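Got a structure here, written out as structure tokens. Questions coming.
All chains are identified by letter, namely A, B and C, in their written order; residue positions are counted from 1 within each chain.
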């Protein structure tokens, strides 16, 4: 499975690229440097000087121009060489640029031809912008596994019943069959658990016991290439969902960008509609999530990748269960998009 | 050289697998998990859930049933799926099981088809069971080298004269030609050193000096695939070997199980017929052996493997000396067994 | 690009091989052990016993004879087996020897057939011998990059204007075009900077400011395979170069020996004609150079190698600038020498 290129991948959280900073990161196995130009706009270039292949991220940034730290060739945000201290500037001195767009507190990169970048294809995550600071957290972790394994992990939340049994799981996801729907731009996995055992975290948040019963639901939406939103809420069993009672809703994103065929940039963020002014709760909530992702999800996926090895999961004929339907549909849809992209590239080549 | 599969490899010392424990170990480049079922019997399964390839060793063990820690599929010791929380259990959900037998304080694994496992092919090491605790020690080390290099090391004890010159060598092994005999199930290398310089350790144990002379002998027996017993003793030079005098006999095993083509599980144990009630001596003796194996043998073999690299020793046309006769015979016999196994597999395939 | 073999590579500084010492080092991807024989002459052998491939560098040296630490085969400095404790010595027991010559405080190795070694091909670096201790320093660092990248680094000193801007660069190298000349045995890159801004270190050494102007010059001479001398000096702008004023000349060597295709032994030394009795200055000067090489040059070249990866720089079609002329000429000349060597080897094979 090759990569989808004509789409937006999350490259960094906006605050990872301060003015004057050079962020070196590998996407789809290509080394890229991200920085802000003189106007504060983010720019991305191939992180390899065309002269002697020194990483431009080891260079100096001044007035929005990035100079190679080895022999001084300088490039602007468009990748054009703007200074050759050793002779004339010629067109062939350009370095590949990548289109970026900054939105939703993040920097997004288009891995196809920069001239083809279409901002209208950006997935709408406006709720991230609107979240108050005391009800918002975000983070990054480096994942040792193929990005699709991370996508699968969110598409199938039954894993919480086993991997996160002492925080996020109560068995309800397993007992409640998912409803999966497909639209032009997304695949949605909905789980609506009725009259169920509350999860350990719900018990803490609601001050209830294992004997109490709750209704709770989760909607996971996948957008290509590997962007997932996860919205959930819960209420005492049988309570109306009309807003009379606080459903303690959370709205989350899990966004994956391939670093290499075996490693992934994992970006996550969360906001909620309860305790929105409680900074202390917010910090604790963020810390709990980070601990779960780094000590439970990531190690399990890394171990899974280790067992899969250099091969592709599908080639190893994994046993398919009902819970894999989301994963199967997403992989199929993404593969169709990749195939379409390849076919279109072949036609253009003629 | 591929691996012999229809034979018993030492997988772990029994006490490495306590009740409730999950031991993950790679044998012949296959990941395997070992545990005890409800009856305390050891069981071994392929350490890869057939669903999403998470290692089962990251799962939970309860009532002798091993549940995957990712999505909860559960398997009994036969590899049969006994619980699928997400739908019906079907036959294809099985995971490969390996036959085990527990004997001589150890767990042995049959790497061929479990149904073909033959307990009568287990090498008799009953003397390990009979050893009193105060005259017994055992251990494990991870060796960075092909298992056959570790086998060679024991088959040719002349190395002690050089590698262990300050403990186990006195030059006598080099001066005394080995007698090698071959039987249906074993190859025996005997060295009978007469009127020889005592080794440094003998001097300490017997309270004698370098000027004194001793008779000493060693019998190394190799059993397929890589099990070696080593029995030795010593007496003042010329003394009768009828038991009148204490020959300070030791009985040892060195057992090697391939982890990968370049690494080896090294299991060793030792008992003796002198100072059998001396727990303090026993501890010191064990410590000395462990130090020798880990600081002298293993590093030399790892360095040897480094020089051999990815190739096979035989392809590099090593210089053959008289002392290599044991190694040559063992490699030839083992290769015949592997070839016979392959031929038999081909016939069954038709 | 394969390696030139019939030439002298710097193997070690003389004081790296004390009497009784065994130095294990890899050259051109071959493991080699260097030691001194009974007469104190340096000797080099392939670092792999022909018997079981244990590294001879893990052995024992006595009376100029090197015994394998595993089974005791012993070799003299000619590679001839002089002791086989396990049977007769025969001719095939030899280990490959390499010709060495000790000169200029260093040990040089001929990687071609030892019988073809020609001392007259040794590059004359006599000035290293003559340097007083208080005006001499030398060192070694392990470089993570192809040796030719390290050669390029010295051939094109414009990099100092960017990579060493706070010590060795002032922009003058960039502003002054190099004159490159080629002789039978060398390629020379001369830069003569007139009326230029002094470098930061010059300001400190001469007690001048950025406003002052200086003339300064550098001559880099490359000798095959990867030996570079670098001589430089500076004077107040316009001052006569007749020795009336102290030109603060330094004479340096940068000598590279391939370890593998991706790593390099980097040997450097420096002497000078000013402050020659000042041991304290000498130490500070050496420390500054070492810091620059290890924290600026080596990391940049390692990063360059990382971006180049497994491929060859030339295959990646780097952008060529005027400053690369030295590098281009050296690579071409070296390739001609390698090709001539291969052609000559083919003729001899017939």
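FYI, a residue touches a chain if its C-beta (ideal position, glycine included) is under 8 Å from a C-beta of that chain, and two chains touch if they have at least 3 such contacts.
Because the structure is a prediction, the values reported are computed rather than measured.
Novice: What rotation angle, rounded to the nearest 5 degrees, superposes the C-alpha atoms of chain A onto those of its identical copy chain C?
Specialist: 120
Novice: Over half of interface residue numbers shared between chain B and chain C means same, under half means different, so which is it?
Specialist: Mostly different residues form this interface, as fewer than half of the numbers used are common to both chains.
Novice: Please tell me the distance, in whole Å, between the geometric centres of chain B and chain C computed from their C-alpha atoms.
Specialist: 48
Novice: Residues of chain C that touch two or more other chains: which are they?
Specialist: Residues of chain C touching two or more partner chains: there are none.
Novice: Chain C touches which residues of chain A in the complex?
Specialist: Going through chain A, the ones touching chain C are 31, 47-48, 50-55, 58, 67-72, 84-87, 92-93.
Novice: For chain C, which residues count as touching chain A in their complex?
Specialist: Those residues of chain C that touch chain A are 152, 156, 158-159, 161-163, 174, 299-300, 303-304, 306-308, 313, 316, 318-319, 321-324.
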